[in-house]
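All remarks here apply to the structure that follows.
Note that the chains are named A, B and C in the order they appear, and that numbering of residues resets to 1 at the start of each chain.
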Amino acid sequence: MAEATSQSNRQHWLLSLPAVVMFLGLLVVPLALTAILSFNAFDSTRGPLDEYTLSNYIEVFTDSYYYDLFARTALMSLGVTAICILVGVPETIILSRMRPAWQGAFFVIILGPLLISVVVRTLGWSILLGREGFINTTLLSIGLSDAPLQLMFSMAGVVIVLTHVMLPFMVISVWSTLQKLDPQIAYAARSLGAGPLTAFRRIVLPQLLPGILSGAIIVFTLSASAFATPALIGGRRVKVVTTAVYDEFLSSLNWPLGATVAVLLLIGIVLVVVGSNRIIERKFKQVFA
Amino acid sequence: MTKLSIRGLSKTYAGNVQAVRKVDLEVESGEFLSLLGSSGCGKTTTLQMVAGFVSPSAGSVLVDGEDITYAAPEKRDMGIVFQSYALFPHMSVSQNVGFGLEMRKVKRPELEQRVSEALSMVRLTGLGNRYPSELSGGQRQRVAIARVLAIRPRVLLLDEPMSNLDAKLRGEMHVELRALQRRLGITTILVTHDQVEAMTMSDRIAVMANGVIAELGTPQQIYDHPTSEFAFKFLGHANVVEGEVVSADNGQTAVQVGAAIVPARTETVQIGHKTKLFVRPERLRLCSTEQGSIQGKVVTKLFLGGIWFYEIDSTVGKLRLTVTNAGTAQPQEGQAVGITWNDGDMQYVSSEAAHG
Amino acid sequence: MSNRSMGKNGPVSLIFHTLFTAFIVAPLIVIILVSFSDKGYISMPFGGASLRWYQAMLDAPELMGAIWLSIWLGLGAALLATAVSVPAAIAIARYRFIGRDAFTALLLSPLMMPHVVLGVAFLRFFSLMGWTGSFLALLLVHALIVVPYSLRLTLGAIIGLERDAELAARSLGASRWISFRRILLPLILPGVAGGFVLAFIQSFDEVTMTVFVATPGTTTLPVALYHRVALLTDPVTTSVSTVMIVGTMVLMFILDRVVGLDKVLIGKK
């Protein structure tokens, strides 16, 4: 129980003080500064000015370049999310049916890459996806295609690699829900006359839905925030929000505009998370209270 | 020789939960007192205020007249045994038992001697090098007891210490712990929801309900002559019969129940008024219909080994009673029977709680 | 735990599973293979294997510098994050106070925040504070973004623990501090240590935020690798990557020993 002991009324303040100081000083302040920066005017010769203006936001909201940018990012993330659901859910179910020893081994193989730097994983893919990469040479040599596929610097390549990066999150999320399932429920359905497919579709899948949805939220937001993969695989041809922010900051040096795009990305992601959590709660609260 | 006084002790948790309300208790030196009550009635909170883990909203705790209400737990010299035993899993049995002595800066040879003394008190000699995970539930509990006995606490506090033991072991521990407490003469408070436990071990029992003490007395007093309807019903089964006051004289009233006139001390002294009387199942006797003060029919008859259990549909309502299994023939289900009892066994108790 | 209620895996499932696993490990296998090639370009080592790209890595001072910088950065950040998270976790798990949920959410918020946004924010912050290029500043913000990892594992360890043992120690005469040091800390040590290792890994791997604030003097290994890969894929990137993969595997093994990988990866209590 969390009831305090006799003299503990101030104890928790002492314990949380270092963290509060750290997070206020190093997170809240920098974020606030970024928000302010997004309202700074910018002059291409003189850099950021001390005047405040809405012009950065107006530019982002009126320029179709930014509209395309955000739309492309959202579509890319949606695509990755859809593939992760289609591939990750069946795989998790297959994993759940394995014997514990195999299960443990494959968990390490499937989830382990999470701990390996995303740059490394992306590098591996860029070797695989290049015009003379192993995928194209294989496809050509077995005659499945007659010209090399353009995978590097294409949206398809970015989606493939992001899927690879995000799949473990979907597996984790579905797995956690699967663990809470009472295996006897499926037995009950079977004994009531449902075939294995019906039992799965009518009984198991609905119960997995919250896990799938929360996995989808994670995958979507992480895809929209991903930087190294779209930067290295997509390059200049497949610009997304994060790489655009990077360019504004480190190439064009238009910091206020970059800050504006970054702030909008953060707001967008917060809205997606809060919004979908609302929906999940409303839909599943009664059932999975 | 330690006397513990609890005066007006109250605890209101955040969210206005009045867990304990103005509890007064005097625990005499060497006395074994139980706080008995159902889950959530405030027993643990009371005990933790005594131990110093919860700070009271009002009231005070005194040990031998010294106010320790706000003393830090480590300054109180009290030994507490938790329901979970709360053994330190990363320390051996000896290290567990020696921890309190170590905190008191007791030096090596004496420390070891007192540890083995405590272990032998709970009959665990030789298990000092084991770790808690290598012990059975009963042994763990003994370690928890040895751990507090080693510091020779002024007061021993037990929070449902037996509830994780199986029934047989629990019964043995009741007897053993009681004997140990007697021998050492430690002032003890036991918190329990188990009536049998409270009855077998205690000098006195305080029945708690809704954060107040509803009944206080020796086990026999509170069982045989509780002062409230609540206590009568809480401690064992209560048969409730309705009677009518037929005479009232000098505080002594007579109540007619069936064919019987029952002497009782009721609050209603007006002749003709209805009143409720209470009687324990084991105080009712079966007899022939003619001899009975009440007549009825056996609805249920159950064999419970040492006793027979009966449910009778009687002229004054449903009654439960028990008959010792002495090997003699007993009435069957459906048979008409009479019921009788001794004067004084059927009693009036106030429907008001004694306190609160 | 095996959950066989949905039947057994048929041949289709096994084929699917094999393809899935191949998809997951393919890029890593390719990197490891290429790193042993003896050619001057990206190629498989079957035509001829060598360790020349490992030698090339050792001979590249900027890579070796980045490796050491990342190691020290990771250790420092993990240490600081642990020092902050342990008391915070105790406050969250052991006390009820107003703002406790908000406090917890704040400490976990870096998990949800796009690292690009953090990179932008720190870049701006550092340039205003004159901290650009400071190792210490980089260490502070790395510590900040890995706090959630160390907090989660520490919290998991404390929440699973009955408070009774600490109370018993207090009642036996231990002060608050002694009961923390002798009872609580030893019992949560696996969680704390696991949190430390995980925090180190996360700091060591971080690229998106760091790429914004790194200067030539504070280039971490992933950032150095990123810049190299962005320019051209030369085989030395694969030997560096192989070292990172093997290093991570060693740390995973340690994590598994200390807390269990399932706790780290799945977050089981």
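Throughout what follows, a contact is a pair of C-beta atoms (placed from the backbone, for glycine too) under 8 Å apart; a residue touches a chain by one contact, two chains touch by 3 or more.
In this text, all values refer to a predicted model and were calculated from it rather than measured experimentally.
K.L.:
Return the chain label for which the distance between chain Cα mean and whole-protein Cα mean is smallest.
P.N.:
Of the chains present, the most centrally placed is C.
K.L.:
If I average the CA coordinates per chain, which chain comes out farthest from chain C?
P.N.:
B
K.L.:
Could you give the separation in Å between the centres of chain A and chain C, each centre being the mean of its C-alpha atoms?
P.N.:
About 17 Å separates the centre of chain A from that of chain C.
K.L.:
Can you work out the whole-Å distance between the CA centroids of chain A and chain B?
P.N.:
58
K.L.:
If you average the CA atoms of chain B and of chain C, how many Å lie between those two points?
P.N.:
That pair's centroid distance is 55 Å.
K.L.:
Please list all residues of chain A that touch 2 or more other chains.
P.N.:
3-5 - these are the residues of chain A that touch more than one other chain.
K.L.:
Chain B: which residues touch two or more other chains?
P.N.:
52-53, 72-73
K.L.:
Got the chain C residues that touch at least 2 other chains?
P.N.:
Answer for chain C, listing residues that touch two or more other chains: 96, 167, 170.
K.L.:
Over in the complex, which chain A residues touch chain C? Could you list them?
P.N.:
Within the complex, chain A contacts chain C at residues 1-5, 8, 11-16, 18-20, 22-23, 26-27, 29-31, 33-34, 37, 87, 90-91, 93-100, 103, 106-128, 130, 134, 164, 167-168, 172, 175-176, 178-179, 181, 183-187, 196, 199-200, 204, 221, 224-228, 231-232, 241-242, 245-246, 249-250, 255, 258-259, 262-263, 265-266, 269-270, 273.
K.L.:
If we count contacts the way the header does, which residues on chain C are in touch with chain B in the complex?
P.N.:
Going by the criterion above, the answer is residues 96, 162, 164-165, 167-175, 178, 182-183, 186-187.
K.L.:
Of all residues in chain B, which touch chain C in the complex?
P.N.:
Residue list for chain B touching chain C: 14, 48, 51-53, 72-74, 76, 78-80, 82-90, 99-100, 103-104, 144, 147-148, 151.
K.L.:
Can you tell me which positions in chain C touch chain A when the two form their complex?
P.N.:
1-9, 13-14, 16-17, 20-21, 23-31, 34, 42, 83-85, 87-88, 90-97, 103, 106-107, 109-110, 112-118, 120-125, 128, 140-141, 143-144, 147, 163, 167, 170, 201, 204-205, 207-208, 211-212, 221-222, 225-226, 229-230, 233, 237-238, 241, 244-245, 248-249, 251-252, 256, 261-262, 265-268
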